[in-house]
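Each of the next two complexes has subunit A plus one more chain, namely subunit B in the first and subunit C in the second.
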Partner chain A sequence: MRELTVRLGAGLLAGCAAFLFSFSAVEAEDRPRVVAVNAPLQYFAARLLDEGAEVEFPVPDGVDPSFWRPTIADISRIQGADLILLNGAGFATWIDRVSLPRSRLVNASAALKDRFIVTESITHSHGEGGEHSHEGLASYLWLDPLLAVAQAEAVAAALTRKGLAPGDAVAARLAALRADLEALDDAAAAALEGAGDVTMIATHPRYHYLARRYGLSISALEWEAGAMPSPEDLATLEGLVTQTGAKVLIWEAAPPAGAFAATEALGLQNVVFDPLARSEGPFIEGFAASVEALAAAVRAVAAN
Partner chain B sequence: MNALYLAFAYLRYHWARSLVLVLVAALIMFVPVATQTLLSTSERALVARGEATPLLLGSRGSQLDLTMAALYFSDERPDPVTMGEVERIWDSDLGTPIPLHTAFSSGGFRIVGTTLDYFDFRAFTPAEGRGLSLLGDAVIGAEVARALGKGVGDSLVSAPENLFDLDGVYPLEMPIVGVLAPTNTPDDAAIFVDIKTAWVIQGIGHGHEDVVTAADVAAGTAALANAAVVQYQRITPENIESFHFHGAQDDFPASAVVVVPHDTRSATILKGRYLDAEGPTQLIAPAGVIQGLVDRIFRIKSLLDIVTAIIALAACAAIALALFLTYRLRAREIATAVKLGARRSMVLRLLAAETVTLLLISGGIAAAGAALVTRNAETWVGWLLALGT
Partner chain C sequence: MIRAFALAAIGIVAPLSAAAHQLVVFASVDCEAVTVEAKFSNGKVAQLGDVRVLDGLNNLVLRLKLERDGTARVPLADVDHTGGLVIEVETGDHDNYWIVTPEDIARKCGS
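Moving on, here comes the complex of A and B:
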């Protein structure tokens, strides 16, 4: 009898769980779906929508969102979203090679074209078409919090226009987000005051907007994120250190053990500054932590 | 009852003559009904295509050419508009612009480069396979699939526009990834690709051996290649990363742009912005253009109606004459019946029964034919219109 009661109870619980699960699944299906091509845009959209929509960042773990290649299934899922948030400025080159519904695309930096940083352009020719140029653009706009504000405003406008959330609610959340980003900018400006006197090298060219916003002098290498630098890489770094007199090396991801020692031998202070394109944590905390680490490295250089 | 029995027995005995009379009478009734049905269905189909497309943006010039190219994917080649015009409409937030690039063909069918918004706009449903996903994918209409005998997994090659054009247009092999369900519209006879794929066919975008890779672009490495560099004529998972476009997308061409305004007010504002007769672009309501064309065509229809009426009248007179002559030939037979005691009214009833039976059978055949035409009119008209393009 007792066994029967236990079985009945377990069955009842399982039934309730299944009902609740199916209910939440249906609810998730009913909610609007927003896809963002990088983590900062996902963060902005999630804050602006609160719990009103599902905000996805489709890039798998460990993959650079700039060079991700979606599968057909990924593309199909992205095509089905109510809104697709693009970063613009050449970020996520895959969007040029897939079919996306233009009516649901939002370029969060469409209004920022005059503030883009143009990297070196390439001129080449092939066929009978004559010479043509490929202009490079720095794309990590959100590393300037004021540009991040502009991106958040573009996202908010799109969410309201598409009716994915009530306009007044989005406006209130945007005001809070703007205040947070402006406070972040003020804190970063204070922390990095005078840091422009210290020449820095980045392991990857990600920090153009950060450098421009806070007057930093950053040269860039082309190292793979999180990889151990090869002897050739270290030789290139040594040459660049000699050329620029750099004192700080910015890593976009923590390298394997031993890498810091190798670069410290060249007289460099190491600092990991996550460019946050695919950060797991909240954008504001991540940015603040990276800025603090960079400021600490600059202080260490000054102390030496 | 006896009169009907005798009439039917008489008609059956003279079956060959009765058959001819029945068929002629059936045709006289069927042809005008069928013609009217097909013509009115054609008119509806033509106007419906126009009415389903609120506005069309294109280069200033023939409105009919623009409409035919954008709605029926005809061979007309209106001057292209730039994608900057498309962006202007997006920026205005007054409607949804859907660019169409119809400059190329394959296997005798037009390649229509567009965006996924066109698929939503026309409410396409794939009968087989999937929609457009990657650069180079092609989704074909039902008529293309039937005529070329192709389906998902096969491929199409764009036709070179000019054999001597060594500079731009390379044939591009495109995998068929989907087949659309029949719509009885010109979409059935179209090959849909992403507009970026159309630009690749045009030579604005291309992929080639590793002269420049995305990493090179990011790194700012200079490169110089020459005419010997192999340009890919098929987009594969291995080479898709090498495909790139030259210049600003705002300068890229589209043959026409379907504009779906958000509401009547937006449509009015949009129309007002393109009123300048000196401007390079025009915004037209294709329904008006098509209605004008249909009105012109259907002016000929009224002439056709008169001809049909005259022929029908002549045929009716011929039948009446045939019946009259039949009765004359049967004068002795009728006289015998009268001598046997049949009254004149009985004779008249007999002749009337024969005539009514003939007309009823003819009417039945004509009605069956008309029902068949009515049921299939949309399919046949769709096929005829598609054949016309």
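Moving on, here comes the complex of A and C:
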């Protein structure tokens, strides 16, 4: 009898759980769905919508969202979203390889084109065209918090235009987000004051807008994020250190053990600055932590 | 002032953005076929190239050659397109792809 009671109780609990789960699933499916091509846009949209919609960042763990290759199923799901937030400036190469519903696309940097940074060209050759080069655009706009404000404003306007949330609620949340980003900018400017006197090298060209905003001097390599630099990589770095007099090396992700020691031997202070394109944590805290780490590295150079 | 990134000067090749990728692949669908177009970003047609068609499970289902006008035609009757198709084009030095979803095909077939 007792066993039957336990079984009935467990069955009832399981039934309730299944009902609640299915209710939540239906509720989630009923909510508008927004897809963002990077974590900062996901963060902005989530703050602006509060709980009013699902905001998805579809790129799997460990994959660079700039160069993600989606599956057919990924694109089917993205095509079905109520709004698709694009970063612009050439970020996310996959968007040029699929059909996306134009009426539901928002380019968050469409109004920022005059503030884009054109990167140096790559020289190569193919076919009969001979050696030639191409210009690119730096795309990590959110590393200048004031450009991030502009992106958030574009997202807010699109959410309101699409009726995904009440306009007054979005406006109030935008004001709070803008205040947070402006405070972040003020704090970064204070922390990095004078940092422009210290030449830096980045392991990957991600920091153009950060450098412009805070007057930093950053050259860049093209190392794979999180990978151990090869002897050839280190030789190239040594040459660039000699050429530039750099004292700080910025990593976009923590490298394997031993990498820091190898670069410290070249007289460099190491710092990991997550460019946040796919950060798991909140954007504001992530940016603040990286800026503080960079400021600490600059202080360490000054102290030596 | 930002210091110019010295990639070219120090001889490092960097995949900067979509602008640096040379082959542009586009595929349009009607109810009978997928038409593939391949050209370089300078506007020149890709006259030689291999086209690989993969199904929704990433199985290779068809191989074609680009025509001299840079196009290829994939008859839908020749492939299982129920899970969508991925069209890959390779010209030797460059490659790119286009994704056709089941919804893309259904939309063009009026269903």
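Rule of thumb we're sticking to: the second predicted complex is superposed on the first by the 290 of 304 C-alpha atoms of A that agree within 3 Å, B and C clash if a C-alpha of one lies under 4 Å from a C-alpha of the other, contacts with A are read in each partner's own complex, and residues count from 1 in each chain.
What we mean here is this: a residue touches a chain if its C-beta (ideal position, glycine included) is under 8 Å from a C-beta of that chain, and two chains touch if they have at least 3 such contacts.
The structure presented is a predicted model; accordingly, all values stated were derived computationally and were not measured.
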### Which superposed partner A:S103 touches (first subunit B, second subunit C, both, neither)
first
### Task
Figure out whether A:T93 sits in contact with subunit B (first) or subunit C (second), or with both, or with neither.
both
### Query
Which partner, subunit B or subunit C, touches the larger number of subunit A residues?
C
### Query
Touching A:F67, do we find subunit B (first), subunit C (second), both, or neither?
both
### Message
According to the stated criteria, A:S76 is in contact with first (subunit B), second (subunit C), both, or neither; which is it?
### Response
both
### Message
Which partner chains sit in contact with A:R161 here, subunit B, subunit C, both or neither? Use first/second/both/neither.
### Response
first
### Query
What is the contact status of A:R212 with respect to subunit B (first) and subunit C (second): first, second, both, or neither?
second
### Task
Answer with first, second, both or neither: which of subunit B and subunit C does A:T236 touch in the superposed model?
second
### Message
Counting contacts the way the document defines them, which residues of subunit A are shared by the two interfaces, the one with subunit B and the one with subunit C?
### Response
67, 69, 72, 75-76, 79, 93, 96-99, 119-124, 126-127, 129, 134, 136, 205, 222
### Query
Any idea which subunit C residues touch subunit A in the complex?
1-8, 10, 12-22, 24-25, 40-42, 44, 56, 58, 83-86, 93-94, 96-104
### Query
Given the complex with subunit A, which residues does subunit B contribute to the contact?
90, 93, 96, 115-117, 120, 130-135, 137, 166-168, 194, 196, 203, 208, 211-212, 214-227, 229, 231, 240-241, 243-247
### Task
Could you please specify the touching residues of subunit A with respect to subunit C in the complex?
66-67, 69-73, 75-76, 79-80, 89-91, 93, 96-99, 117, 119-124, 126-127, 129, 133-137, 139, 199, 205, 208, 211-212, 215-222, 236, 239-240, 243-244
### Message
If we count contacts the way the header does, which residues on subunit A are in touch with subunit B in the complex?
### Response
67, 69, 72, 75-76, 79, 93, 96-103, 119-129, 132, 134, 136, 161, 205, 222
